[in-house]
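Pasting a structure below so you can have a look.
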Amino acid sequence: MSSTPALAELYAEVQLFYARQMQGLDSGKLEAYADTFTEDAEFSHTPGREPARTRAGILADLEDFHKRFEDDPLRRRHWFNMIDIDPQPDGTIISVCYALVVKIRPGKAPEIAASCVVHDVLTRAGGELLNKSRRVEYDPAL
Amino acid sequence: MSSTPALAELYAEVQLFYARQMQGLDSGKLEAYADTFTEDAEFSHTPGREPARTRAGILADLEDFHKRFEDDPLRRRHWFNMIDIDPQPDGTIISVCYALVVKIRPGKAPEIAASCVVHDVLTRAGGELLNKSRRVEYDPAL
Amino acid sequence: MSSTPALAELYAEVQLFYARQMQGLDSGKLEAYADTFTEDAEFSHTPGREPARTRAGILADLEDFHKRFEDDPLRRRHWFNMIDIDPQPDGTIISVCYALVVKIRPGKAPEIAASCVVHDVLTRAGGELLNKSRRVEYDPAL
């Protein structure tokens, strides 16, 4: 496996990318989150909701979606783990990982609000990873 | 720590191995899961149940064990994390990690069904990691 | 990103450090846990409680804090994930990660007792990572 050192390096890079991306989202930095997508990205995060397209479209969609949390003293934490990456010949990286959405409200125990599988296509621009697409699949999908 | 680069590389490789192994199991690919063990492996996954031995024995045991899920619209997600690895002089790798079994049923919030400590001995065959043994210890073990 | 190989290596090293550190704490090895801090470290783990200072002070504080678990057949598991690291010019590493405290009691399903953000400053001594400081922030912090 001559590709192992490069794959190990990429693996850590993807983990770090997810940590920063989702810590930012959980801090309510919607614009910074939108900036982790390519200009022409597609983002499908909720079943039955039309995917958002382009970075501007993703930001608009997020701002609309997050209105539901405005009067809710809710902290959300997105946990990504069990990441499987598969580098493609064209330089993109297919990444499939598990996600838990943990919700915390004052005076209550944290609850796992959702279990998901995240299907990403990542790409590199200026040395940095970006999401070319993201599709979030909710359990149960049986 | 001259061993750090190699250890870091191995660490990512183990994480990727676990991600693929458990995503496969959670997708119901029992044969693919059995193939992540060596031919002579031993797998002890449930307290009070005799360990399964050999790859064929592990597959048979899994098929028997999974019958209980047949009429149950249940999605299971295995989360491995907090992985401690310890490469041995004989080339095997002792790996001890935490595991959560998340169960999801239609119309219900995900629940943490179990918290475990997974004790693995990993080995390399043809460049790929395989489980030489796996022992799953359920909390509480106090 | 010429720094990527070193960053990837450091990332794996931090993950391994956390795995060993918290597996040790969850096994009740308070002295070993205190030894993962520098002699002059500061550790703030509970809101409204004065931070513990120096390694000896951290150990004394932990022994006091853990008295509450003495008559409680409780197993705690600390999950650290979504780790963001930021190496500093002075050689220290700022690390911010998510943490879940999972509590398990006999005959009950595991429960998520707390969701936290851990703010660490790590440093290197004799090749090994140590906590120069740790501040645990509990959700919700809104």
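Note that the chains take the letters A, B and C in the order they are written out, and that residue 1 is the start of every chain.
By our rule, contacts are C-beta pairs under 8 Å (C-beta built on N, C-alpha and C of every residue); 3 or more make two chains touch, one makes a residue touch a chain.
Chain-to-protein mapping (UniProt): A, B, C = Nuclear transport factor 2 family protein.
Treat the numbers as computed from the prediction; the structure is a model and nothing was measured.
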Copies subunit A and subunit C touch via same or different residues, half shared test: different
Turning angle required so that subunit A lies on subunit B, C-alpha fit (0 to 180°, nearest 5): 120
Approximate Å spacing (C-alpha centroids) for the pair subunit A, subunit C: 25
Multi-chain contact sites of subunit C, meaning residues that touch two or more partners: 8-9, 11-12, 81, 111-112
Subunit B - residues contacting subunit A, complex: 8-13, 15-16, 18-20, 22-23, 73-75, 77-81, 102, 104-106, 109-112, 127-128
Touching residues (chain side subunit C, partner subunit A) in the complex: 1, 4-5, 7-9, 11-12, 81-85, 96-98, 100, 111-115, 139-142
